[in-house]
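To keep things simple, chains are lettered A, B and C as they appear, and every chain counts its residues starting from 1.
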Amino acid sequence: MRESMSIILDKVNHIYSPDTAYQIQALRDVSLEILDGQFIGIIGHTGSGKSTLIQHLNGLMRATSGHIYFHGKDIYDEDFDLRELRNRVGLVFQYPEHQLFETTIFDDVCFGPKNQGLSKDEAGLRAFEALRSVGLPEELYYQSPFDLSGGQKRRVAIAGVLAMKPEVLILDEPTAGLDPAGRDEILDLVARMHRERGMTVLLVSHSMEDVAKYVQRIIVMNQGQVMLDGTPKQVFAHYKELEAVGLAAPQVTYLMHELVERGLSVDTEATTVEEARASLMEALTGLVAARRDIHVPGKD
Amino acid sequence: MLRDITLGQYYPADSIVHKLDPRVKLFGTMIYIVSLFVMRGVVALGVATLFLFCVIRVSKVPFRFMVRGLKAIMVLLLITAVFNLFLTPGEPLVSVWKISVTEEGLTNAVMMAIRLTFLILGTSIMTLTTTPNQLTDGMEKALMPLSKVGVPVHAIAMMMSIALRFIPILIEETDKIMKAQMARGADFESGNLLRRVKNMIPLLVPLFISAFRRADDLAMAMEARCYQGGRGRTKMKPLRYAGRDGAAYLLLLGYLAVVIACRILLPWPQ
Amino acid sequence: MEMIRAEQLVYEYIRRDEEGNVEAISTALDHVDLHVRPGEFIAILGHNGSGKSTLAKHINALLTPGEGSLWVDGKDVSLEENVYDVRQTAGMVFQNPDNQIIASVVEEDVGFGPENIGVPTEEIWQRVEESLRAVGMLKYRHHSPNKLSGGQKQRVAIAGVMAMQPKCIVLDEPTAMLDPNGRRDVIRTAHELNREKGVTIVLITHYMEEVVDADRVFVMDQGKIVMQGTPREIFSQVGKLKEYRLDVPQVTILADMLRQAGLDIPLGVLRREELVDAIMRAAM
């Protein structure tokens, strides 16, 4: 994998409604480096600045101060092409199905590629490819997007961004309002995009458990600042701090820590059920075996 | 950008204007609008200006909130002023080719701009100091006599109050959809008028769909809370005139009288 | 008398084409029986499209049964004259916090219901204050709903229902659009109202961790009630729950795995502390 930095943020600040009673500092000196091909989870509760942050990454919002570099170029330079940036950094908003507008699913997915200046045929090709990759049955392509189920609509909306072939894919709470099955479908789809196409993916979520099993790196936002940044295991090690700001580590993290406190030797870095099971079985069967080996006098 | 529209946004504060009966504010706004069109001459203009700024001051709403509402109608304001400036017949001041600016035109343009600005400011005071529900109550009560001749006063009032509540929500939604389409490469800014209108489709279709969905949801929520129109309904905040309302009416009528007096008694244009 | 009694309830959504011919029929409720006692806290689980919201709308008389019958506090919801009585008895909170708040000030919204049923002014004020206090939102009474968080808006919506002094509140996926903080607050509020005011609660959700403290849990799938019992009974059938596309909490899955691996872990573990204790016992 290439180890180049696709996006660098340098002390980015954003202030909403400056100089009014409603002034809010949504981002506070945010500095980040996003490597090519990384799969990152951005976690924070409502109002932590995570949605504001991602809208800066494709230039939809402008920082009040600070710099953002895309492949080494300052996106606030006068000769920087913001439209080109938006082509290369795809952003899927929250409840993206609310932006569907065309009469057929196919036409809607073509909207992005057409805006990129592609020919009709080329745009169509891109749309086909994108719709196939989100796993929508082909017989639905020429139907109205408004007749689909919630989960299907959302997949169409994501296809609309994928068809633009972005290098970086950002998704703002792509599973909000979906049921568990719909949520897993979307997360699996995103993970596949990362795996198969080597896309850089940023996944915004407020659920640690959802992202823990997918991402390589977690950025925790709190009050407009980066509070923690590291691998899931590094981040969850701070489970007490996370809880203090209203975010919870996965249930098993707490479980393993509590078991250690009670004197059982288990792996506190386990974040998924599988890892926890393996560590527990090892610790418990080890204990049982050890107990068997100890010769207790007078008992046999 | 779209967040700047203040019309229809309540600004909570503890002022005597906030406490006035909404009917007073409704009639007051009407009286003020009438006065703007009756007024002639510098003295009347001075009185209208003074009155407006006193009320703004007393309302405790920061001035910049009022001004923000003006930005939205800037274009309308300019168009009106330009039309008046060039199309009023009279003694030409400056003439370039077939277009000429007349003295009357200049006066008209300035007066029209002032009138419109004051009209928006005056109406903004009402909407900024009255909750939509109070406003609706005020209108409902003031217009109640019309229900005897079959006008669905309650329904209209309810519709208006809901429209006002959802304006900020829909504005936010517009902003969101706009950004989402911009992320897909949509362009809302360049091109000629026709092109721009066409470019609005990806914004308007989702907006309409969302508005209908909200309307549907809201209707169900209202029904679930036993809403059945105006029949048998009581009021949490029934309208009762207090002493200050009478005083306010006197003040308003006094003001109107002064403006009319200026028109009749003082010679104009001055 | 039962608070809710549904017998063989059937409801079909019929889609027609432009000429009015029947295009498709989907059965949202398929012979549902449901009995809820006064003061109970019940939860209905199910994925999207399982029929749980359709059932909720019947309890509030927003939909009328196609077949079968439904009584709410002894009143038949199919009878036109009972509709407003039923809606007053069983209040309803919906999923989208924005689309159910009518007024632009919190207290005026809470007063909307009592106004509709003709409560005298002084009493409306009392009820509004009481309801806002009960959901912990009294200090926001003069605020605009637009400035509140999703969880706060939902609590205002609950207060709006409470002000009508219902015997029962149906919450239709009240947390689906909220973040973890908001979800916790809303569920806690529902439990407080149930415990302190004796209000019967019907909580509809697809989050299993929210139903842990319910008295009874019902699982719906394809318009039918397919499982029912105490949370422990329900949580002990991990395989079945996964079949119904439900999201079984991590601790419950882990407990189930450990038990199947031969460890001495009880069936249907609901909470983390329980599993910690069980593992420590197994390790002894």
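One rule holds for everything that comes next: contacts are C-beta pairs under 8 Å (C-beta built on N, C-alpha and C of every residue); 3 or more make two chains touch, one makes a residue touch a chain.
Owing to the predicted nature of the structure, the values given are computational and were not obtained by experimental measurement.
Looking at the partners of chain B and chain C together, the chains they share are A. A centroid comparison over C-alpha atoms places B as the chain most distant from chain A. When the interfaces A-C and A-B are ranked by C-beta pairs in contact, the top one is A-C.
Note on chain placement: the centre of chain B and the centre of chain C lie 42 Å apart, centres being C-alpha means.
Spacing of chain A relative to chain C, judged by their CA centroids, is 30 angstrom.
Between chain A and chain B the centroid-to-centroid distance comes to 43 Å (mean Cα coordinates, whole Å).
Interface of chain A with chain B (complex): residues 17, 20-21, 55, 58, 60, 83, 86-87, 90-93, 96, 98-101, 111-112, 115-116, 146, 160-161, 164. By the touch criterion stated above, chain B contacts chain C in their complex at residues 10, 12, 131-133, 161-162, 164-165, 168-169, 213-214, 217-218, 220-228, 232-238.
Of all residues in chain C, those touching chain B in their complex are 60, 62, 84, 87-88, 91-92, 94, 96, 98-105, 107-108, 111-121, 124-125, 128, 142-144, 146, 160-161, 164.
Residues of chain A that touch chain C in their complex: 45-47, 149-151, 176-183, 206-207, 209, 246-248, 250-252, 254-255, 258-259, 262, 264, 273, 276-277, 280-281, 283-284, 287. Against chain A, in their complex, chain B makes its touches with residues 3, 62, 64, 173, 176-177, 179-187, 201-202, 205-206, 209-210.
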